[in-house]
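Given below, in the form of structure tokens, are the structures.
First chain A sits with chain B, and in the next complex the same chain sits with chain C.
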Partner chain A sequence: MSLTLENIGRRINKNWIIKGLNLHVAKGECLALLGPSGCGKSSTLRLIAGLDKPDEGTIKINHKDVTNISPVNRRIGMVFQSYALYPHLNVADNLSLGLRIRGVPVSEQKKRVNNALGLMQIESLFKRFPSELSGGQRQRVALARAILRDPKVYLLDEPMSNLDAQLREELRPELRNLILKGGQPVVYVTHDQHEAMAMANRIAVLKNGRLEQIGTPENLYAKPSSIFVASFIGRPQMNIFPDKSGLIKAIRPEDLKFSNNGLKCNLVHKEWLGSSQLLLLDSQNGLLRLLCGSEESIPEEIYINWSSEKEHYFDSNTGKRIDKSRQ
Partner chain B sequence: MKHKIIWVLLLVIWSLSPLSWQLYTSFCTQEAITHPLTNPGPHWTLNNYRQVLTASPPLWDYLFNSLLLGLTTTLLTLVFAIPASYALSKLKPLLARTTKIILISAALFPYVLLFLALLEFARNFNLGNNLFALSIPYSALSMPLAILLITSAFKDLPKDLEEAARIEGLGIWQRLRWVLIPLIAPATASTSILIFLFSWNEYPIALTWISKPELLTLPVAIARIAGSSIYSVPYGAYAAATVLGSIPLLIMVLIFQKQIISGLTKGAVKG
Partner chain C sequence: MIILFLLPAGILILLVFGVPLIRYSWLSMHAASVVTGLDNIPNGGANWIRLLNDMRFWKDAWQTVRFASFSVSLEVFLAILIALLLHQKWKGRGILRSISLLPWALPTTVMALGWRWIFNTPYGPIEKIINFMGLNPLNILSNPKLTWLSTVLGDVWKTTPFLALILLAGLQTIPDDLYEAFRLEGGKPFQAFLKISLPLLKPYLFLGVIFRLAQAFGVFDLIQVMTGGGPAGSTESLALYAYLNAMRFLDFGYSATIMLASFILLVCACALSWVLIYQSKNIYRVYNS
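Presenting the complex of A and B:
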């Protein structure tokens, strides 16, 4: 099972909202589409689902071209940001509607629905209406519905953005286990880099409808291919030093260390985060963020230094990464 | 606050007084109506009701005719208006707006101007004296308003719902049947009531298309009672027929008042 996008382009009037997009999601892989709003990640998902048609390129599921197949026949399991549960049907009917339409016998419908309810641990809710469910419960029902579609590909559109932080943390491993167990490729759209790193095997960062970088979370973190990816991945944000002769230098807050000599700074603000603390420092290079352990004592006179191996360089015109070996 | 109550009271009196007058008249003897102050005989009577209900054909028949006509008209209108509205809600903005303007002009057109043409139509196609045939012009005349109201209901539905259904494998008719039509039920209900009311009250077309006494609709039949005698107007019987004719509507409006109001205001704001 696999999903492949080849040179996908989508245009609204004369604007290309997605252009030259190539992606491949393998069996049992979860790919996160990450980017700010308007970067084309949700539009890409709609193209894969078949809700919109690409203006160029092909979409393949299991190496079969599905570009012109209607979503009705594409066998996609999708979870919408709004969950999109049918408000006039109770949970059991919400889940069985698709099965009934596809001609599954009633006894089999019941069995499968009960199975899915059990899987999502919402057996007791089967008679409730969507309006009587909490956000987390709705999310589970929406997921159960996607599972019952017996899909070839899972598409998740910001599935957790309407849930509170604690619930998200709870649901993450559960969601991952559930959807990856079936071996289908999963495309997970999010604007939250933290969620992308937690959920995905690989992350595709999109900007203005173009693929900025694709790779494992570790890879994106260690070697961001552009200043955009560098500032999008990792919180607190990377420190970016001003442009010197066409070169931007960037360094992660946790790579800055206190030392006896180096860059002199003044403490502007301190955030104590429990396991760590974040310092906002004023230096001749502008404001810098420094992340250190919460036990670490902060010297009166602050000098900071860092290992030159931790520096990232970007071209100040193109924003692209420049590898140190090529300097 | 006090002012509001006074205004509301005035409005209630203003709109209810003709109805109460009609109700009062329907229980009065002919003498009590024509000579209210000098009438020596009995004042109250049930004779008017007895008269209209035992006439040949009795008023029940007309009530039944109007009911049948109203239901047929409503059904016929919805069968065409719902798919048309669905299509209209999917049109591109420019085309949708143009269509809407055409529909609004059609809805505002004074239909009485059409009735001579409709009469020719009935004659040519032999559609006279047939209640089912009469529902054709009725539903055609109700169609613009029905389409406008139902289109706005379709547009108000979240897009995600239909898309979720598509992805689940529901074809267009299945989506309409299982997801969309159930969800626009309130709008459909209020639209149905408006169509039914129009058909229930319509006079000029019914007058010209139907001539057989046993097929008359209520408004025409009631008008006939008023003109049944050349010596006097039987006010009592006329009033009794009117009262009986409004009871079904009253019941319907009491049951569906919420939908009627939401349907009317929705049409007003979002049309």
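Presenting the complex of A and C:
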């Protein structure tokens, strides 16, 4: 099972909202589409689902061209940001409506609905209406509906954005286990880089409808291909400032260290974060963020230094990464 | 505390609704006509006994129910179609939405006069066409079998936009992703209408039908201008009959009795429509509990 997007483009009037997009999601892989709002990640998901048609390119599921195939025949398991539960139907009917209209026999419907309810541990909720469920329970129902579809591909559109932070953390491993168990490719749309790193095997960063970089979370973190990716991946944000050589230099807050000599800074602001503390420092390079252990004492006169191996360089015109070895 | 906040609206409803109702109930138990010198003399329910034996009342009641049920059902059907059409995304729908409301904005008397002219024999356009085709004139406004239908048509033409507007508002509250989720599961557009739009429109449908029933059961101006209740009383409504009793025969006691009876009919019709709209069996249920 696999999902492939080849040279996908979509335009609204004359504006290309997605252009030249190539993606491949392998069996059992979770690919996160990451980017700010308006970058085309949800539009991409809609194209894969078949809710919209691409203006160019082909979409393949299991190496079969599905670009002109109706959404139902693509067999997509989709979880919407709003969950899209039918408000006038109880949980059991929400799950069985799709089976009914596809003409699945009633005995089979009941079996599959009960199975999905059991898998999501929501058997006791089957008579409730969506308005009587908590956010987390709604999400489980929406997920059960996607699982019930026995899909070839899972599409998740910001599935956790309506949940509070604690619930999100609880659900993440469970969600990962459930959707990756079947071996289907998963596309996970999010604007939260933290969630993308936690959920995905690979992350595709999108900007203005174009693929900015794709790779494993570790790879994106260690070698961001552009200033955009560098500033988008990793919190607190990378320090980015012009270098004497005319390039743009970037360095992660955790790579800055206190030292006896080096760059002189003034402390502007301090955030104590529990396991760490974030310092906002004023220097001749502008404001810098420094992340250090919460135990560490902050010197009165702050000098900072860093290992040159931790530096990243970008072209000041194109914003693209320049590897030091090639310099 | 809640009661306190409801008080202003409650008092208003009591004043404009409760007081006339009590006054009418009281009046219906009295003889109050030109014969009594307009004094109110208790007559122990004689008005009601007269009503039960009054064939003109029963005929008018039947005609009112016929008018209301035909026009409201036709309006609901057309309004759903129009609302669905105006809900689609296409160029110029904003203009069409405004234009479609025009009939409703027109004063009833004006449009009733218009219809009277359209149905006129032999000068109206409809009879002209009939004549052109070499057929016998229909005599629409003087044929008891046809005239009531022409009043239904006039009412449908005027008030369908009102219902369509309410239903359009209802359609706009239904999120698009419900339809998209349904599409992914294999739902066709018509199934989406039956299984998503229609059930979620129920509150709006009920509201619109209640409004329309109240107007249709009290129909007066349209009939008065278009037909005057004729021919041979075949389009006379209860409101018209009550008006005649009060204003021509100066029998206020009996007029109040007719109005009250018409009100009871309206309440029954509203209850029936509630049952039809809300208690219709959910055909998509698997787990009926």
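Here is the rule we go by: the second predicted complex is superposed on the first by the 323 of 327 C-alpha atoms of A that agree within 3 Å, B and C clash if a C-alpha of one lies under 4 Å from a C-alpha of the other, contacts with A are read in each partner's own complex, and residues count from 1 in each chain.
In this section, a contact is a pair of C-beta atoms (placed from the backbone, for glycine too) under 8 Å apart; a residue touches a chain by one contact, two chains touch by 3 or more.
Please read these numbers as outputs of a predicted model, since none were measured by experiment.
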Key: Three-chain arrangement built on chain A, chain B and chain C clash or fit   = clash
Task = Examine A:9 and indicate which partner it touches, taking first as chain B and second as chain C; both and neither are also allowed.
result = neither
Message = Looking at A:78 after the superposition, I want to know if it touches chain B, chain C, both of them or none. Which is it: first, second, both, neither?
response = both
Ask   = Who does A:88 touch here: chain B (first), chain C (second), both, or neither?
value = both
Task = Of the two partners chain B and chain C, indicate the one touching more residues belonging to chain A.
result = C
Ask   = Now for A:215: first (chain B), second (chain C), both, or neither, which partner does it touch?
value = neither
Request  = Have a look at where A:136 lands relative to chain B and chain C in the superposition and call it first, second, both or neither.
outcome  = neither
Task = Using the superposition on chain A described above, determine whether A:102 touches chain B (first), chain C (second), both, or neither.
result = both
Query = Of all the chain A residues, which ones make contact with chain B and with chain C?
reply = 49-51, 71-72, 76, 78, 80, 82, 84, 86-88, 97-98, 101-102, 145, 149
Message = Quick check: in the complex, which residue numbers of chain B touch chain A?
response = 158, 160-161, 163-171, 174, 178-179, 182-183, 185
Inquiry  = If we count contacts the way the header does, which residues on chain A are in touch with chain B in the complex?
reply    = 49-51, 70-78, 80, 82, 84, 86-88, 97-98, 101-102, 145, 149
Of chain C, residues touching chain A in the complex = 175, 177-178, 180-188, 191, 195-196, 199-200, 284-287, 289
Query = Across the complex, what residues on chain A touch chain C?
reply = 49-51, 71-72, 76, 78, 80-82, 84, 86-90, 92-93, 96-98, 100-102, 106, 109-110, 113, 126-127, 145, 149
